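Per-chain residue numbering starts at 1, and chain names A, B, C and D are given in the order in which the chains are listed.
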Amino acid sequence: MKLTRRNFIVDLLKGSSFIALATSFPTMAFAKWNEKAFKAKQLKQALESKYGKQQIVDSGDILLKAPTIAENGAVVPIRVSTNIANTNNISLFVKDNPTPLIASLNFGETSIPEIQIRIRMAKTSEVIAIVEADGKLYQTKQLVKVTIGGCGG
Amino acid sequence: MRSKAKALTISLAIISSISLQSVLANETWKKQNSHSRVAKTDNLNYSQIVNEDVTRFQNFFVKKFPNVEFEEFNNGVYAIDSESREQWIEMEDFPPYELAVDEGKILFEQKFDNGKSYADCFPDFKKGVRQNYPRFDQKTNQVVTLELAINQCREANNTAPLAYESEEITSISGYLAFLSRGNKFNLQVNSINAYNAYLAGKRFYYSKRGQLNFACSDCHIKITGTKLRADTVSPGLGHPTGMPVYRSKWGELGSIGRRYQECNKNVRAVPFDLQSEVYRNLEYFQTIMSNGLEVNGPSSRK
Amino acid sequence: MKPIQTLTFFALVFLALVLAPSKSYSENSSDIIKTISQAENLRLEASKLGFEWTTTRILLADAQKALKAGNKEKANQLAKRAFNEAESAIKQAKFAQQHWNKSAL
Amino acid sequence: MSKSIKIKVKAREKNGIVQAKLLVKHPMESGLRKDKNGETIPIHHLTQLYAEYQGNTVFQADFGPGVAKDPFLAFAFKGKSGDEFLVKAVDTKQQTGEVKAVVK
């Protein structure tokens, strides 16, 4: 891959703005940050805090793209997308992280259920993506190896 | 005196015409040193020796990795490791160093108390200056890295220098590198003093040190491409081109000096100070070995 | 005279008993201290050459700590290891000086 | 509501879908790391992020400390080139950030 100054400048100047302003949050359109689920130390607790006892079924309609071997557990790129109709939430869990719930992503009516995110992994673990659609829960899993590096390239 | 020098110039010109590289070096030199006869003879000898080193060094990697295009070597380990490369491409999609580049632009444009700014020290910054560093400064007889030049600029404008590896200095150097993307390194050694600095860097590169008894070259030449525990060892060609680098391990931009310190510690050798003469000479040597590659800093690495 | 002689005798025996361990301690300790300081000098020499190992300092600090804690055997061992390391680092520097060019491309 | 959080957004429209990518400058301290002196660095991470387009929240994210430092997120919604949209973020210290971006 070639990163040229030219295509970079175009991105930098046209594609983005960099105005950071102090702001207030007058309306919280979505649910409150789920403290109990995010602070849960076991996957089971995290799942229960987020979904109650609701059943989660395995699904082949969720695409979870994660590296087989993570270059560095500090930054693991993940992609999730699904074609399950009426998806309103995709959540990511790392089973063996100190706190397994990583992120919960809510989709409005006009948004597309596909995301990319960079996560942290403390060690080799299953990464689980759970899709919520029409009140039902679907999941898919992938093992991501996190190794102890030597020199670090 | 004059005819002797002329004869010398002619004979050296013949030698230099053997390789295109040294002819180019000679041209560069003519522009720079038309007033200095001593430097003149030095230039031809040393630039030729050095350029032969460059050719041997680069040929080793080109032969070692026949499927890698020469231009690709500035991508470090990602030029040779496809699994890592995929994750890196994900990172480069919106690399974390972009925030630092933006910050660097803001810092670069700030004025010093005397009304001047960095642009007065780096008049060609828009065209890109990264490829000119590190350069050998004849006046002070030392290698000047981009980071050192940034601090020299501050001091020339009565402003306190920045701490090396501070967010400010790495952001500014990251911004300058970014503006230089696509420019090729083509550093030439033009004097005996510059050659000595180059040689000191070269000696360091090939000297075993630390409890593990490893030289830079042991990892990055001898066993490059193999796995060292879980990591593929990157090729020694192209290390400086992507500097400064955002390492995921650091979570921020850092210079090649910070990386040198890490490497030294990895082999259990006491590291040198940031911007110490030893590291500046090493950076000089390594950058010269990367002549012909494009600047692609700042970069992201694991 | 006799009681004094007896007293002196007992006093000497007493002193010998009391001082014996501390005497052998001070001998050993001074040896260890000597090894530590020799190792420290070699470490500094290696450092000047630019070839100091990170591990040597740690060994020396640990040797000092062990000595303070009264663990002479351990202190002695650590000091000797530090000495050997520092010596190796200097050898390494000299080796590099002569041979670096052989591995150069 | 003191220091503001820096957010950088890139958004591009293709066939009526806006691909938005953002990077937030944030340490994302997990509360598990120790500093050089062995002291635990207090937890400090982003908790929520909102994307507003034409007055509606089209996308919303809740983060725990398991999101990498300087969080990156990409999402997509129906929209068109030239339109503005807004991204807001808040963290555990109630610091906030906001950025307006124009869809390419």
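Following the convention adopted for this analysis, a contact is a pair of C-beta atoms (placed from the backbone, for glycine too) under 8 Å apart; a residue touches a chain by one contact, two chains touch by 3 or more.
Note that the structure is a prediction, hence the values are computed from the model and not measured.
More inter-chain C-beta contacts link the pair A-B than the other of A-B and B-C. Mean C-alpha positions place chain B and chain D at a centre distance of 35 Å. One inter-chain figure worth recording: chain B and chain C are separated by 44 Å, centre to centre, where each centre is the mean of the chain's CA atoms. Averaged C-alpha coordinates put the centre of chain A at 13 Å from the centre of chain D. Chain contacts: chain C has no residue touching two or more partner chains. In chain B, the residues that reach two or more other chains under the touch definition are 93, 98, 102, 248, 251.
Looking at chain A, one finds that residues 18, 74-76, 116, 118 touch two or more other chains. Across the assembly, chains come into contact as A-B, A-D, B-C, B-D.
Chain D makes touch with chain A in their complex at residues 1-2, 4-12, 17, 21, 28, 30, 32, 47-48, 50, 53, 56-69, 71-79, 88, 90, 96-102, 104. On the chain D side of its complex with chain B, the touching residues are 6, 8, 10, 21-23, 25, 27, 68-70, 72, 74.
For chain C in complex with chain B, the touching residues are 47, 50-55, 57, 85, 92-93, 95-96, 100-101, 103-105. Residue ranges of chain B in contact with chain D, taken from their complex: 93-94, 96, 98-99, 102, 248, 251. Contact residues of chain A toward chain B in the complex are 1-6, 8, 12, 18, 67-72, 74-77, 116, 118, 147-153.
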